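For reference, chains read A, B, C, D and E in written order, and residue numbers begin at 1 within each chain.
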Amino acid sequence: MESTTENSTMENSPRQSAATVGIDPSIVSMVDAIPSNAPVVPVMRLKDVAVSFNGKVAVRDVTFDVGKNRVTSMIGPSGSGKTTLLRALNRLHDLTKSAVVTGSITLDDVDIYKGGIPTTLLRTRVGMVFQRPNPFPTMSIYDNVASGLRFNGIKKKAFLDDAIEHSLRAAALWDSVESRLKVAAATLSGGEQQRLCIARALAVEPEILLMDEPTSSLDPVSTQHIEDLLTSLKEIVTIVIVTHNMQQAARVSDDCAFLLMGEDRAGELIEFATTEKIFTNPTDKRTLDYIQGRFG
Amino acid sequence: MESTTENSTMENSPRQSAATVGIDPSIVSMVDAIPSNAPVVPVMRLKDVAVSFNGKVAVRDVTFDVGKNRVTSMIGPSGSGKTTLLRALNRLHDLTKSAVVTGSITLDDVDIYKGGIPTTLLRTRVGMVFQRPNPFPTMSIYDNVASGLRFNGIKKKAFLDDAIEHSLRAAALWDSVESRLKVAAATLSGGEQQRLCIARALAVEPEILLMDEPTSSLDPVSTQHIEDLLTSLKEIVTIVIVTHNMQQAARVSDDCAFLLMGEDRAGELIEFATTEKIFTNPTDKRTLDYIQGRFG
Amino acid sequence: MTSAALEAPRTDDERRAAVQEAASRFYRRKTLYSKLFLGATSLGLLIAFIPLFSIIYNVVRNGISYITWKFLTTPPQSPSIFHKHQIGGISNAIEGTALVFGMALLMSVPISIMVAIALYESHGRVMGALRTLLEVMIGMPSILFGIFIYTYVVERMHFQLTGLAGSLALTVLMVPLMSVACEQALRGVPAVLTEAGLALGAKKAQVMRKIVLRYALPRMLTAIMLSASRGIGETAPVLLVIGSTYVANWNLMTSQTTLTTLMYNIIQSFYNYQRSEVWAIALLLIVVVFVLNLASRIIVARLNRGHR
Amino acid sequence: MTSAALEAPRTDDERRAAVQEAASRFYRRKTLYSKLFLGATSLGLLIAFIPLFSIIYNVVRNGISYITWKFLTTPPQSPSIFHKHQIGGISNAIEGTALVFGMALLMSVPISIMVAIALYESHGRVMGALRTLLEVMIGMPSILFGIFIYTYVVERMHFQLTGLAGSLALTVLMVPLMSVACEQALRGVPAVLTEAGLALGAKKAQVMRKIVLRYALPRMLTAIMLSASRGIGETAPVLLVIGSTYVANWNLMTSQTTLTTLMYNIIQSFYNYQRSEVWAIALLLIVVVFVLNLASRIIVARLNRGHR
Amino acid sequence: SFKVDAIMKNDLKIHTAPGTPLVLGGSSFDYPLVLAAETQWNSDIHKSNVLAPDLSNKSGLGRSNMISKAYAIGFSDFPLNQVAGSPDVGPGSSNPGLKVSDFAQVPVALGGEAVTYHFGTGISGSTAALLKKYPLTLSGPTLGRIFAGKVTNWDAKEISRENPHLVSKGKDLLPNLGIQVMSRTAGSGTTFILRGYLNRVDHADYPTVDSSNFSAAGSNQFANSGLLEQAVQSTNGAIGYVEFGYAIANSSPTISLINKSGKIVSLSEAGIVQAATVGLKAIIANKGCKGFKTTVLACYEINNELGKTVYPIAGFSYGMIYKTQTNRTDAIAEVKFLDFLSHQGGRKSKATTFGQDLADANGYAPMPVSIQAVARAVLLGVKVSGHAVLNATD
């Protein structure tokens, strides 16, 4: 977002304090709107996390805590390893033979990579919503939402019915699909599909919900819907969201991690702080530069 | 884009004047930055243009003039027919059996659909850049840029060499690829690929360049690059650009067409005016609503 | 940059005029070339379809009069000098085809699906080698499978010439075809779906069963149908191992006659009038393959309905 | 909405505890099920590969001792009861295969590419019907093509049993295979590329030649290679029309022997000891198909290098 | 009566080889001999590829492909005919414009038909040993009943009766094993010969065996003798019939037959020669045979002849070509090869090995000299533009 009047000011004065110059007022104003927070309880802790593929480091030096019932956003340019890092949090890299995750990631003080918790149980506790809506196209709306529970051995209809209503409501989808639960998921619009995916993830009652650019393929109205949702979801689940869109990060997140690609093209964590701090008074010059260079 | 302080103001006061309320100040400020213009010479005129597929109207009632050496943007929500309309301008719908274009579109007063100009010649005069970078993956950088000329029978090396340098320079790509013109186009980054596509389109020296969300798949830095480019390109070519991003429209365009889907889900032209007018004082309430409802 | 562009020898307008003039001049040649190209394609189409139509035409013309209920349901009779038109029907071959081919499908479909899953799930070098082996097997002369079953099962294991030996030969022939095609169907399942499953706490096996197989089903059906119609049309591998029978006996442990082996034997018959029977059998097979093709399309369309 | 969610019978924490407990309880069954599933796949793999390995093993074991330079380059000799090991070589069949199959390729590849282009370019009902016809042809018993050429070319046109008749039968067999596969390769070309070409003022024919064909080339090569290895392995269609020859004569207008017809003739030889020669021929064919497979992979990899 | 020439010198070389190798095929009864002979002819005499390898399928195909000119020479165990029923040529056939007399039909092989069987794992070791000593024996009527599907098990009464040695302590050693009849597909000349035999023996208690194969037994059918014999030797309880050579080559056990004189004979070259000698006398006395109004002696049937040592199932096989030819080079090659095939080398100097000299090595009897003379006489009738291809003095 460019500043109101002079287009060139920022580029000419990179060393000026972030607090005083160059931050787009509209962003700052959004950050202001974030409610002041209760004390932060870390639920997932990352320490010196690095991920490499075939020995090539994709992201490294990541250390931060994910606070319970907070929204943590990860921002950074393309290729800085946001997705890669996010996928490390529910061991989705296990599928990729060439991927190695080092450092420690703990969930409630149990290292998730040290066998303390079976992967499938980890994943029921740490859910995920992907970049593009990916409902199971062969299943109905109901079956999509039920799928996670069924994968975990829950077959009782009463329980399922209740859980499905509950998570569809939480995803703000119940009213529009209540009458057609048995219809194929593919008949929903893009935005509805993404909310269905959120409902599906919520159905297994995860403690943490990972979201990788959940609105990037959606139109603005659907995006708005989902952003609204995040605020209400925070009450039941901890959220980690990757986004390209700084305004979105500013609007929805409490904490913010900024990643950047280093000289060697490996992403690294530059700064982690409350969203307010990142957007108004970042410590690192590169964070400032990135936030300044951003626009629209 | 939400207003600076209260989130709910806009929704509660849709009938307030656009000139006074609800338009994001950052957008208005951008529009201000647009230089005042020379007299407008229409090069392409659209009159009652409509496109339908299989008898179903996708977009209709489009009447406006594209001004020479100006940037005309088309904005509107997803499905409002922006792409459909753009593709009518170089007869790309000819490929689709089910598509019917009605109304008249003239280029220098010749109706392009009435046989006044062979389709392939039309397309050399009205070039196109697509949503995703689509360089020919089997060709080198050089061959990609040369392809349009070769398709039109130009084989002389001296002419090609010169034209390729010229258009790569115009697309701000010459410096970074000069030393590797024979390298496969796929080795370029996304943003470079999109600039390569612009250079490829420019090489046949079109009078009009159609661009369909040319930056939507690019990262912010590449987007910035391409936006910068548009301003310089305007001097040699008339540009029609579709964008989802209102800030982009505000920043880069001189004129702006706003399309919206009607009750019957067919897109229609709601308003066409200078960008300044559209963003500061739109005539139609729906334009105002759209611009207000927009965000980051 | 713009200024650099303006330093170029000509003005942009000159450059544009040059290109547009060249394009106009070339326009006629382009159009001519396009017409030639269209001509060449049409010619190719003609050359390809004349024999194909001719086959269909002759099969129908020569075969249609044979196709009666009696022909389909009675066993053959060998003509003789004295009863030359006593050729009877082909119930033996219909039964044999159903039995031998049905058994081959029963064996090859589950095996192929298992192999496809194994290939899909693993990535190592060994699997790569196995896949190459399967591909090489697909290119093998089909008669080799017949020779193999003949030598090592019929002769070595005193298995005799039986329908089952034919089923085995067809199975060995079809498994590589089917498993490679089914693996491709599995690979067509978007990774985001399997990841979605895993992210919900599913095990790989659950993802495979509930998501991957279900999603790949239509393409797998098509793959199986195509391999199956290849199998049903094979002559060489079964010819050697299957023997033949006059009467439908529904017993896999005895010799059988299939439609294709019957065709081969009839074409070698010295009774001219018996030879035209092959067209009737070919017609029958065309109809069967066509119905299979149609049925699989309908099933696939139905499976895909709403969810693509 | 959130408040509605909170009206649900339990608290979110209770709900979460219930799901997590169920998941923990189910975890062991899931693991067991996964192991069973892995077991089943491994079993399928084993069942599939035992015969395939056994074929390869026996082909190599029985065939390897034959493969000498002399065997490959001398014509066959007929054994007699008293000179039973006088079997000579297979140069006639190698020459015959090269000639008959080479000619078939020369005819079928261009025709198939033309047909694929025609199918790709047009969308009407007629073309849909033609595509279905091609697919049905793919499912036809291959012997039908032999019978057709035999009846309508060899007999009716007094064409005699010649290599060319074999090439014709193989061409009619391969064209449907190749053209359907090549069309799929063409369809794999992203529409944005063809549109980019058209938007630059290219004619459809130019787009086809410069963009589509070039992009689809690797997949087309693979398609052609697969159809070709099917063709080279066919026995039934050529057997009827090709006759046989003793010595390599490089003349398509005379009878020819191919590797597969030789295999068929040898396997029915009345000399037991001559029969083991088939393994040597099979070995040769395996090597050829393997080399073809490898070569096409290398070429495809090279073509794809840098531009995917 | 026919004059039996002493075979003089035959210049077997043809002076120009045909442009393309000549295709031959048909009968699998004579296939081993023809294949051996043409190898000799190609490699030893011409050192070039004048003839393509014989295609062993069936007599029927040999005839029809020769008529359609797909084969230059067709081989068949039964002569062309134009009688009502199954005419190859003449009215009612697909070649109505041709007559039998348009073709030269040359006897080229004299063979005996082995009845082979396979017990395999169906019998005990001691029975196998006994069978080596006392070969399995059948009478003509019993054989007929087996092929007619009337006798279906190897321990049937009539078989036991004809094999008294295969009894131990009053117990029949023949296996309780179903008989699997292996036959040839329609158009087989080998079947034609067997059928001729079965129709000549007393067959009051089974219907006329008039079909080309033995459908009544629900039998398995094979395209040629090679496939059939392989099937027999891999099927427990199988019975089949092939030319002697196939039985030798596959080391197949053969069934001894009770001949018209009531003697048990096993298949031997001498037995075949004896059959031919006796049979020919009768034919010459009858001046040809009924049903075939041709000058050609190609209808010799020598089945079930009387004589102590006569083997009862035997027959000739014929090479067939067009009598009037257009291509002189091809015609010379065809005629000279058939001449080579149907004769023995000079008796004084055995320097040159002729076709019939290869007979015993391949499981045939050399044709009697009188038949060789018939072959020569037939070949003398082949003409190109009015001139005989072969001179009597050749």
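In the analysis below, contacts are C-beta pairs under 8 Å (C-beta built on N, C-alpha and C of every residue); 3 or more make two chains touch, one makes a residue touch a chain.
Fair warning: this is a prediction, and the values are worked out from it, not measured in the lab.
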Chains contacting each of chain A and chain C, listed by label: B, D
Chain pair whose interface holds the most contacting C-beta pairs: C-D
Inter-chain centre distance, chain B versus chain D - centres from mean C-alpha coordinates, in Å: 47
Approximate Å spacing (C-alpha centroids) for the pair chain D, chain E: 42
Chain centre separation in whole Å, for chain E relative to chain B (CA means): 87
Contacts with 2+ other chains: residues of chain A: 120-121, 124, 152, 204
Junction residues of chain D - those touching two or more other chains: 23, 30, 201, 203, 206
Shared interface positions of chain E, touching two or more other chains: 223, 227, 230
Which chain pairs touch, all of them: A-B, A-C, A-D, B-C, B-D, C-D, C-E, D-E
Chain A residues touching chain B - in the complex, by the definition given at the top: 1-2, 4-5, 7, 24-26, 29-30, 33, 77-78, 219-221, 224, 244-248, 251, 293-296
Residues of chain D defined as touching chain C within the complex: 23, 30-31, 33-34, 37-38, 40-45, 47-49, 51-52, 54-56, 58-59, 110-115, 117-118, 121, 130, 132-145, 147-148, 150-152, 172, 175-176, 179, 201, 203-206, 208-209, 226, 229-230, 232-236, 240, 259-260, 263-264, 267, 278, 282, 285-286, 289-290, 292-293
Chain E-facing residues of chain D, complex: 75-78, 80-82, 154-155, 158, 160-161, 243-247, 249, 251, 253-255, 257, 265, 268-272
Footprint of chain B on chain C - complex, ascending: 1-2, 4-5, 8-9, 12, 15-16, 18-20, 22-27, 29-30
Of chain B, residues touching chain D in the complex: 90, 92, 95, 97, 120-121, 123-124, 127-128, 130, 132, 134, 136-139, 147-148, 150-152, 183-187, 197, 200-201, 204
